[in-house]
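Below, each structure is written out as structure tokens.
The two complexes that follow have subunit A in common; it is paired with subunit B in the first and with subunit C in the second.
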Partner chain A sequence: MSAPWPIWVLFGAPVAALLVGYFYCHQRCPERTHWPILASCAATALAALWLAFQVYEGAGWDFIVYRWAAIGGFTVDFGVRLDGLSASVLAMVCVVSGLIHIYAVGYMEGEPGTSRFFLYFHLFFLSMLGLLVSNNYLQTYVFWEGVGLASFLLIGFWYPKESARRASWKAFLTNRVGDIGFILAIFLLLREAGSVRFEEVFARLGNITPGMRMTIGLLLFWGAAAKSAQFPLHVWLPDAMEGPTPVSALMHAATMVTAGVFLMARSMPLLESAPPVLAVITVAGLITAIGAAIVSVSKRDLKRILAYSTVSQLGLMMVAIGTGNLVGAVFHLITHGFFKALLFLCAGSVIHGLHSSLHGAVSAGVDDAGGLGRDLPYTGGAFLVGALALSGVPPLAGFFSKDLILEGALESGHGLAALTFLIALGSSLYIFRMLLLTFFGARAQQRGPKAHAHEPGLLMRVPVLILAVLSASAGVFGGTVARMLGFQPPHFVLGVAVSGTLVAAAGFGVAYFLTMSRPSFDWEWRARFPWLERWLECDFGWQKATDAIAGGGAALAHFVAGAWESRRWDPFTESLATGCVQLGEGLSAVCRGRLNEYVWWMFVGAAALAFTVLLCF
Partner chain B sequence: MLLTGLWVAPALAGLLVWGMPSRGSARVLALALSGVILAYAAWLIVPYSAQPGILRLEEIGTAGAFGIRYHLAMDGIALCLCWLTALLIVLSLAASWKGDVPPGYWAAFLFLESALMAVFTFRDLFYFYIFWDLALIPMFFIIGLWGSSGRRKAALKFVLYTFLGSLSLLIGLLALVTLHYRATGMWTWDMAELARTPVAGPAALWIYAALAVGFAVKVPVFPLHNWLPEAHTEAPAAGSVLLAGSMLKMGVFGFLRVLVPVFPELSLAALPVLGGLGVVNVIYGALCAMAQKDFKRLIAFTSVSHLGFCLIGIFSLTAEGIAGGCLQMINHGFSTGGLFLLIGMMYERSHRRGVDDFGGLAATAPVLSVYFGVILLSSIGLPGLNGFVGEVMTLAGMARASMPLAVLGSLGAVLAAAYGLPAFQKVFWGPPGPDSVSQTIGDLDLRERAVLGVLVAGIVVLGVYPQPLLRLLTPAVEALALR
Partner chain C sequence: MDSGLLVWGVSGVLFLVGGAFLVLRRQLIAMIIGVELMINAANLALVHAAVRRGDAEGLAAALLIIAAAAAEAVVGLWLVLRRLRDGETAETDSLRELSG
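And now, the complex of A and B:
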């Protein structure tokens, strides 16, 4: 089947927008750089929706665009693959990206460097599209690092801040650590399967030994763990909140960080042929999801609560992958994209509204808020929708996707199901705690806004509204996604649905008790158990361990460059040269120009010569 | 005549420029002539690809005393390196435009170009060796006369160190040719002839080692690398570009052209040693780069790291590895050459090159920072830019030969992020340095943008679509591949 032209829109529009944006707008009219970029967002969103509809109707494309490199055992063709998986995620990414681009126009208004912001932001978008529609592992890797670069640039967007620079570097470095796994998996695939193209690799799985399949699967998961912030490589994501809020919403919540889950979903045939890998993914997902949920409950910074929530939800998606529940993972990826973007944008509206009381800080904590529901009823309402969706209250989107994951877990065993319910409980707890602390009450310890906080303008409110509608209603697409992935529409297990809802309600109850019935609880436990807060602050000590590893690397570099290279090895080689000079000087002492000495040397030499001759004959 | 012209023309151009009466006219003439030579080198693709099936140009004279014979040949690898050299010469001359230097400076670069072209095209080891050593002379003067404060010591160290390497090479070559004579009764210095009758026995191992040491000094391979940081740091910017961009490639080229074809068995056996040293280069160079405060020295050490990938690729002895090594040579010329040019431009404006001397240049020199960013990203192997292609192919090749070495080599990607990005952040994003240099630094002018624009275009094109270049390399590379 030949490629329909909207596929080319997916690449052409962002590339054109970036070129026009950089070479024309950025130089001449930086206040309008977002114009071509918004146009490109609209075009790609339409194209993506049309393509998703075609795929839903049964179409599908997998074709080669051009030969990237081929020699010896290394053959890589770049191409496009649009199937149920990529088309469904693509539609979500394009819609959410478009909305957040619009939101960003309002949010970044008046900031210095807005033009640069939109260029980076759209560079991310382009890379994300390339990642999703790629038809082979190496091309995925190329765009995978592309989104990593955009992440680096945008986390460090407010680069005069030391913390922003450090966070962006940490993000890139941690992702490179994960990328080693990804690229090694690619080398092994090239060696074992002779190809990196998905369909060829999956067709040749039988030729690969089980041990090698397991190695490749684990290496791929190592890469996915860095991008999707799974323990032990999750450390970069909380710090990534140093970037502007639209960045956190789009990249570090809704789309980019789900790339790891997407890669796992893409590699499902490979993973299913290596069951130990699935077990590892499940365990890593569980550790991540539960740990991050606990840490999230303890956080004060609004964006960091949401960041840990994202880590936790990604862990939940990994659990779904690990239980072989492809539809659950992908559907939760999509609904999570809607409601987490909504929650982040609401947090952004709060920060925007509190701007004057924040003294230039880029984020707000629970101390800065309290009782904002009165000043920001619209934002508060939208946040409530997001919170209900996240916690899995019917009939909002999160309910359906989480329900699918719970069902899948239950099929795999009761212990696993119990732990998954625990994750659901945790997510309900932290999100309602955040909701109640931010929009209700006003506790004695909360400074609150100095003046009245204000609702943002229309440019920011409309995307929030649309996302709220999507978060509330996206549950109806469950059957659609399942069909696109080639599965039967999910059946509905009443018991799981009821218990899931009860768990969400229980989370709400605990959150209500700890924030409204005992309004100062959040400050009391910190005062009473400072060690506990410190312990949670560094992710149960893991952040300190990774800092120590990075510090060890730097110390090694200083040792090699200083103590060895410039104080030992370099002086040694130079000493060979100076040694020669000294030897020459020493020998020159013999030749002082005294004739009688020369005669003696001549005599000695002649004697030695004669002696040698006599000895030989 | 086509190939003779390639090395004679720059020499004649150098003489002409040297004889110019004024500094201004020498400058104009040098740039114009180097441009003509670049065009000529580029045009060689036409006759090169006009002979289907043979895919190379060749000129053979008759053998003289001791079998020395004028023999030039051009294959894909040599063609790419000649293009790179000719391009870098033009760019570095354009970049030194403002320097008030005598005609000798411009002539030295053209003489260097002549020697490099000869090294890349001669197939007779006698001539190869002559030009291998002749190339040292112009670079000695470029560093020693026009370098920065420590130039005299750096130039001396450069010449002594690399000349010792050449000595090892010479001994190895003499032994090789003599052994060949004893075995066959025929004197020859021709690479192809020598490859046809392999030398065996313990002597072969000694010859192999002597030749490897000779080439390794030039690459440079750890632990024979420490002439490089000082020479790169003290040389003028244009000199560093040529040193890193073209001269280091002589060493890699030597491995490819002499060592692998003449000693295929030994090269296969040398995987743990020479492939291992490639990995050491990658990691050691990156670690040293991480700790540098002088930006030029930092980039010098990244060269050590990058050329480690060339070694990894070549001694994997797979087609993709060798091709990756060749691409890595080209790509390193673009990225490291570009970085040295950029540091040179910053030095020209501020007379500083410490990482901590600058800060916040993204605001004061936005165009400079965009160029710097792209070229640095290419250097640290960001996919989509050219640096990635060489790295991924060399490592993929090594994964077929030895997985442990490939795993260790891929650590270089993490270390690259660790040395490249903090320095970039400090200079372009960080707080300004101790004095007002960063505030008053001017952005790039049109000439500088043009010079860097050529490099950036190459970086993007070779990263997005490396296949045409790869196709050019394929016949020569496949002839070398043994695994």
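And now, the complex of A and C:
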């Protein structure tokens, strides 16, 4: 089947927008750089939706656009693979990206460097598209690095801030640690299967020994764990909240961090052929999801609560991958993209509304908020929708996707199911705690807004509204996603649905008790157990451990640089250089400015050269 | 005596004479003549080798070299002419700016 033209729109529009944006707008009219970029968002969103519909109708494409290099049997290709997995995630990414681009126009208004912001933002979008539609591991890796680069640039967008610079480096370096696993997996695949193209790799799995399949699977998961913020490589994501809120919403919640889950879903045939890897993924996902949920409950910064919530939800998706529940993982990835983007945008609206009370800080904590529901009814309502969707209250989106994951866990064992329900309880608890602390009731410890907080403008409200509608209704796409992935529509298990809802309600109850019935609880336990807060502040000590590891590496590098480079190696290279200079000065005595002598030396040199050549060959 | 040896010999002698001109003569025009002699010595050898091998590559190279030599002679003579017009001599002893 030949490729339909919307596939070319998918790449052509962002590339054209970036070129126009950089070479024309950025130079001439930086306040309008977002115009071509918004046009590109609209075009790609339409193209992605059309393609997703075609794939739903049974179409599918897997072809090579451009052969970049061929070395023996090994080829480096730029290819496109549009199947149910990439098309369904692509549709979500394009819709959410477009909405957040619009929101960012309002959010970044008046900031210095918005032109740079939109170029980076769209560069991320382009890389994400390339990652999703890739038909081989190498191309995935290239765009994997592309989104990592955009993430680095945007976390450090406010680079005059020391904390932003540190956070961007932390994110980049942690991801490098994961990338080592990914690239080693690609090398091994190339050696064992002779190809990096998905369909060829999966067709040749039988030729690979089980031990090697397991190694490759574990290395791939190591890469995915860094990108999708899974324990032990999750440490960068909370710090990544130093970036502007639209960045946190789009990249560090809805799309980029799900790339790891996407990679695992893409590699499902490989993972299923190596059951121990699935077990490792399940355990890592459980540890991440439960740990992050607990830490999230203890956080005070609005964006960090949501960041740990993202880590926890990604852990839940990994649990789904680990239980072989592809539909659950992908469907939760999509609904999570909608409602987590919504929650982040609401947090952004709160920060925007409190701007005058924050003294220039780029984020707000629960201490700055309190009773904002009165001032920001629209944002509060949208946040409520997002919270209900996240906690899994029917009939909102999160209910259906979380339900699927719970069912999958139940099929794998009761212990696993119990732990998964615990994650659901935690997510309901932290999100309602945040909702109640921010929007309902004012506590003595909360400063609240000095003046009235104000609702944002239409540019920010409309995307929030659309995302709220999608978060509420995306549950109906469960059957669609299942069909696109080649599965039967999920069956409805009443027991799981009821208990899931009860767990969400229990989470709400606990959150209500701790924030409304005992309004000062959140501050009391901190005062009474300062060690507990410190312990949770550094992720049960893991942040400190990684700091120590990174610090040790840096100290070693400093030692090598000081003791070896500057004392042993530098004198050697310097003596080489001074030797060359002295030799030249000595030989320059020959040059007395007589042309005939120069010709003579030329002959001598040519003769010596000819003699050497004759002698050697 | 083999005619080939004769051609090689003439070519070699021409080359050496040209080289001697370059090294020993102090007049710029004489040095240019030396260069021309060396180029033509190489050309002679090239044409001879091409004929013996029976291919056209050497001949083509010789033609190219003749063109390059003509261009080189034009540039060289023009430079000498400039110096003479400026009232300088065409002796190499007057060119000492290249000393190291």
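Note that the second predicted complex is superposed on the first by the 564 of 617 C-alpha atoms of A that agree within 3 Å, B and C clash if a C-alpha of one lies under 4 Å from a C-alpha of the other, contacts with A are read in each partner's own complex, and residues count from 1 in each chain.
As a convention for this text, a contact is a pair of C-beta atoms (placed from the backbone, for glycine too) under 8 Å apart; a residue touches a chain by one contact, two chains touch by 3 or more.
Because the structure is predicted, anything quoted here is derived from the model rather than measured.
Trainee: So in the superposed three-chain picture, is A:W535 touching just subunit B, just subunit C, both, or none of them (first/second/both/neither)?
Mentor: neither
Trainee: Between subunit B and subunit C, whom does A:F487 touch in the aligned arrangement: first, second, both, or neither?
Mentor: neither
Trainee: A:W35 contacts which: subunit B (first), subunit C (second), both, neither?
Mentor: Neither partner.
Trainee: Using the touch criterion from the header, give the chain among subunit B and subunit C with more contacted residues in subunit A.
Mentor: So, of the two partners, B touches more residues of subunit A.
Trainee: Which partner does A:Y56 contact after superposing on A: first (subunit B), second (subunit C), both, neither?
Mentor: So A:Y56 meets neither subunit B nor subunit C here.
Trainee: A:C591 in the overlay: touching subunit B, subunit C, both, or neither? Say first, second, both or neither.
Mentor: Only subunit C is touched by A:C591; subunit B is not.
Trainee: Looking at A:Y378, would you say it contacts subunit B, subunit C, both, or neither? Reply first, second, both or neither.
Mentor: Neither subunit B nor subunit C is touched by A:Y378.
Trainee: Which partner does A:F74 contact after superposing on A: first (subunit B), second (subunit C), both, neither?
Mentor: first
Trainee: In the superposed view, which residues of subunit A touch subunit B and also subunit C?
Mentor: none
Trainee: Residues of subunit A touching subunit C in their complex?
Mentor: 588-596, 598-600, 603
Trainee: Within their complex, state which residues of subunit C touch subunit A.
Mentor: 19, 22-26, 31, 92-93, 95-100
Trainee: Touching subunit A in the complex: which residues of subunit B?
Mentor: 157, 160-161, 223, 226, 284, 287-288, 290-292, 301, 318-321, 323, 360, 362, 377, 382-384, 388-389, 392-393, 395-397, 399-400, 403, 406-407, 410-411, 413-414, 416-419, 421-422, 425, 428-431, 465-467, 470, 473-474, 477-478, 481
Trainee: So in the complex, which bits of subunit A are touching subunit B?
Mentor: 66-74, 138, 141-146, 149, 152, 156, 159-160, 165, 168-169, 172-173, 176-177, 179-180, 183-184, 186-188, 190-191, 553-554, 556-558, 560-562, 565, 569-570, 573-574, 577
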